[in-house]
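This is the structure I have questions about; it appears just below.
Which chain is which? They are A, B, C and D, in the order written, and residues in each are numbered from 1.
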Amino acid sequence: MRLNQLIGSIAEAGRELLNRTRPEARSVEQLCEDLSSSKGEAMGTAIAQEVVAAYDKMDKEQKIDFFGLLYNKYSSDRETILKSAEAYKTTNDLETFKALSVAVDGPRKNLFRSFNMAPNGTSTLVRMREDLFELLPEHKELEAVDVDFLYLLKSWFNRGFLTLETINWQTPAHILEKLIAYEAVHEMQGWDDLRRRLADDRRCFAFFHPALPDDPLIFVQVALVDGIAGNVQDLLAEPRADDDRSNFDTAIFYSISNCQEGLRGISFGNFLIKQVVMELRKEFPQLKRFATLSPIPGFRRWLNKEVANAESALLTASEKEQLSQLNSDQWHTFESYVDMVEPLLMRLCAHYLYHAKRGKYPLDPVERFHLGNGARIERLNWMADTSANGLAQSAGMLVNYGYELSKVEESHEAYVNDHAIVTSKDFLKLID
Amino acid sequence: MRLNQLIGSIAEAGRELLNRTRPEARSVEQLCEDLSSSKGEAMGTAIAQEVVAAYDKMDKEQKIDFFGLLYNKYSSDRETILKSAEAYKTTNDLETFKALSVAVDGPRKNLFRSFNMAPNGTSTLVRMREDLFELLPEHKELEAVDVDFLYLLKSWFNRGFLTLETINWQTPAHILEKLIAYEAVHEMQGWDDLRRRLADDRRCFAFFHPALPDDPLIFVQVALVDGIAGNVQDLLAEPRADDDRSNFDTAIFYSISNCQEGLRGISFGNFLIKQVVMELRKEFPQLKRFATLSPIPGFRRWLNKEVANAESALLTASEKEQLSQLNSDQWHTFESYVDMVEPLLMRLCAHYLYHAKRGKYPLDPVERFHLGNGARIERLNWMADTSANGLAQSAGMLVNYGYELSKVEESHEAYVNDHAIVTSKDFLKLID
Amino acid sequence: MRLNQLIGSIAEAGRELLNRTRPEARSVEQLCEDLSSSKGEAMGTAIAQEVVAAYDKMDKEQKIDFFGLLYNKYSSDRETILKSAEAYKTTNDLETFKALSVAVDGPRKNLFRSFNMAPNGTSTLVRMREDLFELLPEHKELEAVDVDFLYLLKSWFNRGFLTLETINWQTPAHILEKLIAYEAVHEMQGWDDLRRRLADDRRCFAFFHPALPDDPLIFVQVALVDGIAGNVQDLLAEPRADDDRSNFDTAIFYSISNCQEGLRGISFGNFLIKQVVMELRKEFPQLKRFATLSPIPGFRRWLNKEVANAESALLTASEKEQLSQLNSDQWHTFESYVDMVEPLLMRLCAHYLYHAKRGKYPLDPVERFHLGNGARIERLNWMADTSANGLAQSAGMLVNYGYELSKVEESHEAYVNDHAIVTSKDFLKLID
Amino acid sequence: MRLNQLIGSIAEAGRELLNRTRPEARSVEQLCEDLSSSKGEAMGTAIAQEVVAAYDKMDKEQKIDFFGLLYNKYSSDRETILKSAEAYKTTNDLETFKALSVAVDGPRKNLFRSFNMAPNGTSTLVRMREDLFELLPEHKELEAVDVDFLYLLKSWFNRGFLTLETINWQTPAHILEKLIAYEAVHEMQGWDDLRRRLADDRRCFAFFHPALPDDPLIFVQVALVDGIAGNVQDLLAEPRADDDRSNFDTAIFYSISNCQEGLRGISFGNFLIKQVVMELRKEFPQLKRFATLSPIPGFRRWLNKEVANAESALLTASEKEQLSQLNSDQWHTFESYVDMVEPLLMRLCAHYLYHAKRGKYPLDPVERFHLGNGARIERLNWMADTSANGLAQSAGMLVNYGYELSKVEESHEAYVNDHAIVTSKDFLKLID
């Protein structure tokens, strides 16, 4: 029996129990107080269930009140902290240290742990955090509440608790429909598109957590191809009848999507990619290369600044002139223009990936992620994603990051210690 | 695929990967340092797996060194704490609070979280704590290490992550054999005894955690009987051929055993009993009563003190004389003696349960547990467990604690707020 | 491991084995001969697999040859039968009877049983029969081959081997897509339509056979509604936001579709309906009525004959005149015409259901099926299916057949013994 | 949901239904008649369930009556057969052939097919046949009933419907306990013995049928060892602590047991051995040899005849004298005697295996089975099974039959066509 169903069966019985003992509904404030008292130990599951039910019915105003309650009443108490710190300073023994720990840890984390005992408790906490994100811009003080959410969820969604599942056409429909909804990189056009992406020469893997058995946390889509894929249009197209799709040597990770906004800040991608590389190597010993086909989300923004920068050393006036057409509609359909700007844009984009920084690390966030994982820049691809989004982000270019497991540690070290941008030799040729 | 198998499959691939990149094995000290550095993010699963493998090979001396390392190098840093506390006192903003939190939280919990990423990481952490318990008497300072173990495991083994499973004769043998090993209340005599306890008129339920799918955390054995059972011998005997076992109205919880020493201090029993009551009520609407048949572990110890106490107001000299035979072998087989002391011992034991205290709460630990859960004392039973252990603990008496769900909250409140000992009317008659 | 996967794993190994021992592929003729010889016992699985692989590659001409082989070489031998019959006539003992049985049974059934040992053997046999149906019109003699197919498949698809499965949105996509393909009564418009039919107030059940785990044999779609549903448009429409869908007392079986053409002539519908009634009664004790909403496929055809029949006692000339408009497009959208013909068509259709016969039983095939199952005619519904198909078959009318389990046996007996048309009282009022 | 559970759930509902419609129980005779009538189609599952329930309560006398009913009332009708044969002789068309088929096939098989629709129908039929075997010696005429049982069960337990399952210490206890009960070759001494046989260096596989999910049909026990094992004592002993059990190159099939007496005459062993060879080869590519360690059940019986045969050309008088000690207790513990008779008995046993015949095939039944499967005689082993049974059957010798898949077909052909006894070269040396 799955976790959820099982706790679900408690729910029903628990509700019955509660109906008997507490005829009128109690306020959420009272419920939280009960959960934080000794009653929480005796009646925890049942009360937690009432909190979840109450939360499910709240409108936005009530949620603001609820998070306000969490902030005002369940934050760590400053006076206690300062007093405990003083005592610890004086005595320096385990007891005063533990008292200080408890004071700093505060009552809110334990309240969240109590919520978690309800059926669907974990998923409710994830949704709560998602809701909280919407309120943060207007209610900065609630950031303190998020600190506790993040602390707990990071601990609970530890890699050791996740399972890797293969997603394919045998997967239940209610999970597949979530893939359609969550795909963030190359939007899915419905069930036929999905089915293409789950064909024999494709693979899809996702991480799941036992408390959210119906909800993937993150998934990656892989194409098994012959040679490194240089554009995404081919990958998403229907295969031609005469394709020989059995003759592949390369796995292309062409889309990685996080699914749970409420788990923002908890990183799954690195673990996912590496485990999938290992799974694929086991299933297909013939695979020689593993690489992403990744967006370059910051390139056009950076480029626009360079163009606007009167003192840019990178661009001549005539080059700037050329680039001005990039803002016109459909520029990518004018062959002669495309041919003309290709060398220029390839050079600029390579420069962006290699030299543009935020602090000591690359400016591009996707690049930071993959180099941080120990991947290297493999190849820059022209006219690789001609969707509206691809043109807007990176003038249609995509980049391959290569994952060679035996070099991952070394590359990671070079990146972290020396801030090195590890690349293939071919890519380096694009750099002046 | 089960969690363990899955991560297991990573193990293999991960090992292969590591063999390539790190030809010589590194010391555990180095591995822990790697895990705590940025390398932990990039290579976490693989390094954690090396730690687990290394731990599995340690002898006792090496484990002392290992826990010493955890204590000396990964405890919270006093200087940083004091400095952060000072900063927090001065500024009182979220940033300084967070800095203080991180300082107090210390690096060891994160190290443990990294260990958890290994295949079998969670079970290794549970075993580590079990090993630590053996060292604590000689190494008091390591209690600080246990504080972090307990904090983390309590959070990870939250009720919301546990599943209730029915254990029966269809259960895999490798799990059943653990029941035989773990049964702590009424020892099991092998597979035939187990089979009797899993017969049609018996039920057995256990909590499992997804990360330990083959290891129950706690299990309870239930007998479905007609009327409240007053002794355990009948429950464990082979059923007579002419028994009508379909005509029951009472569920007796005659044995509850925790299975994981490494999870000591994390309470599962209260949740388990209440959920099992609900499950049974759903399966058998005819059930009218739910009660334990529980040991009274502290009675003889307390009684011995009363006997030794020259000023005891409870016992006359001749009564003390009578009781002196309790230390003789086989006293329970002398009918006339048994009849003689029955009223005296029943009265004394009732007095013990009702009046003997530690602070404001009952002296008896099992009684504290059940009354704290909102149960009440139902009935005291004479000659209820005539095993050597039963005679030694409580002169062969057992007590029923009754669980009536609709009164649990009220009883719990009376117990916690007024320190009331809630009992049946019949039991009260035993009290002067 | 599922049946198919398991045998699949043999396939691979078996192929390997065969490659070694039989370098050149053998003809299907030779393979069949091997299977029928003692070699079949020693090497059956592997040879059967070769047959299946060979069949998968045959074009239509080769299939004609293949079935010709099955006919010419594997039919029962007339001479042997006649000789065995003679011997049996003379001796009348078990041995001569068995010899006659074997002679009559013939070698082809055993050949089919050998095919069945291959991975996917059962599904291949079902497909073979489907292919055979296409050849029968041109190759009447092959009917003898079908006799053996039907005999075997009927025995293998015995009700006792089938499992009832609930189909819902948690069902794997590759099975759901088959529902879309197989729905024969009210065509499905893709995934959104399917999802509506699997909503909370709908149920879908299917029979599966263990050897075809991915292929439903038959499925029924049920709507849970308040009162007997009189038209299918409402059932298939998106629910309105203000519907209270929890308040139902009736289960409407609005579509039953057989999925496997190759199992034609083997009846599953009767078992399916009755078991689903029992399942629903268990899940929803509040259900009071179980009824179909069924097409009347033969009504218009019969009516056309009546109209054409100059001597019809059922229709006046002016009525015939009225009915002539039924052939015009969109007649059902002209309200006044619809109102005018309603009483006439309702009367005629009731007459058709009640009086029109083929032999002693009803002319309408769907009616024959349901009355034969022990159902009764409940209600005739006007403008109940205004799809092109519904108008063409039955002028848009549908009929409810009611299944009251406690009366099923009695109704069935009345139908079989007395050829009674059991109906509700209301329906009878439509009959003159 | 498993087949049995599912049909079980129908049972309950069906019973309810029947209670309503048929207040008094009907006789089995009446139930069988109902099942054979059109009522069987409408109400089959429910009536079949009543038959099964009635059968479960029958004593031996009632079973005799029941099988008598099946014989007298449901056998093929001689008159109809003869008439149909006559018609077929005259007309020779498909219709008369089909009529003859139906007449010969008789009504009893269809009755059995109706029984099969009940929950547990298949297992009831298997038990019926087992019961029938006990009656056959006294009721020869019932052999005709068994002919139909065998025909049907052989078809239903076709290899294509069976699944191979691995049995290990993770297998549910209620299945493991059946292994203990069914082990026919080397008796199991309870759970500890079983556990040894399921250790890491052992494998156990069984065939299951979907309609009997809790009951293995046949199972084989395999030891993974280094070099061909020559005695069973070592295989069944507890492993020594210093054994290196990872270094194996040979799989020894040391015990194959059929489990269902009611399926006697339906051969599973050949399929099982070959598939297990393929499974093991896949799991352990290092395996070089696959061989049984088999009993020689007919040797001592044959030998006794030779000894008694005054004209035996095989034995001198003094050899006969030597062999007379074989009947004494504990002869195998007298080392000098053992050494003396070893060459003589090895030669005689090899002779027995090579030359002793029944018709053109070997006299020994186990040898017939394995050579018929395409195995060859590998090696004869002295003092290989010193259990009472081993000594009584074959003077303690066991023989290895080798399965080399790539030679199986060739060996099988030689055996079937030329009645060749295929052996290793070493074994041949024992022959004259």
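Methods note: a contact is a pair of C-beta atoms (placed from the backbone, for glycine too) under 8 Å apart; a residue touches a chain by one contact, two chains touch by 3 or more.
These are the chains along with the protein names UniProt gives them: A, B, C, D = Decarboxylase.
Model, not experiment: these values are computed from the prediction.
**Q** Centre to centre, using CA atoms, which chain is the farthest one from subunit D (Decarboxylase)?
**A** A
**Q** Go ahead and note the Å separation of the Cα centroids belonging to subunit B (Decarboxylase) and subunit D (Decarboxylase).
**A** Computed value for the inter-centroid distance: 49 Å.
**Q** Can you give the whole-Å distance between the Cα centres of subunit A (Decarboxylase) and subunit B (Decarboxylase)?
**A** Taking the mean C-alpha position of each chain, the two centres sit 38 Å apart.
**Q** Report, in whole Å, the distance between the mean C-alpha point of subunit B (Decarboxylase) and the mean C-alpha point of subunit C (Decarboxylase).
**A** It comes to 57 Å between the two C-alpha centres.
**Q** For subunit A (Decarboxylase), write out the residues touching at least two other chains, lowest number first.
**A** In subunit A (Decarboxylase), no residue touches at least two other chains, as defined above.
**Q** Following the definition at the start, I'd like every touching pair of chains, please.
**A** Inter-chain contacts occur between A-B, A-C, B-D, C-D.
**Q** Once bound in the complex, which stretches of subunit C (Decarboxylase) touch subunit A (Decarboxylase)?
**A** 169-174, 176, 190-191, 195
**Q** Going by the contact rule set out above, which residues of subunit A (Decarboxylase) touch subunit B (Decarboxylase) in the complex?
**A** Its residues touching subunit B (Decarboxylase) are 1, 3, 6-7, 9-10, 13-14, 17, 20-22, 38-39, 41-45, 76, 78, 81-82, 85, 88-89, 92, 94, 97-98, 100-101, 104-105, 113, 116-118, 121-122, 143-144, 147, 152, 155-156, 158-161, 163-165, 210-211, 267, 270-271, 274-275, 278-279, 281-282, 372-374, 405-410, 412-413, 416.
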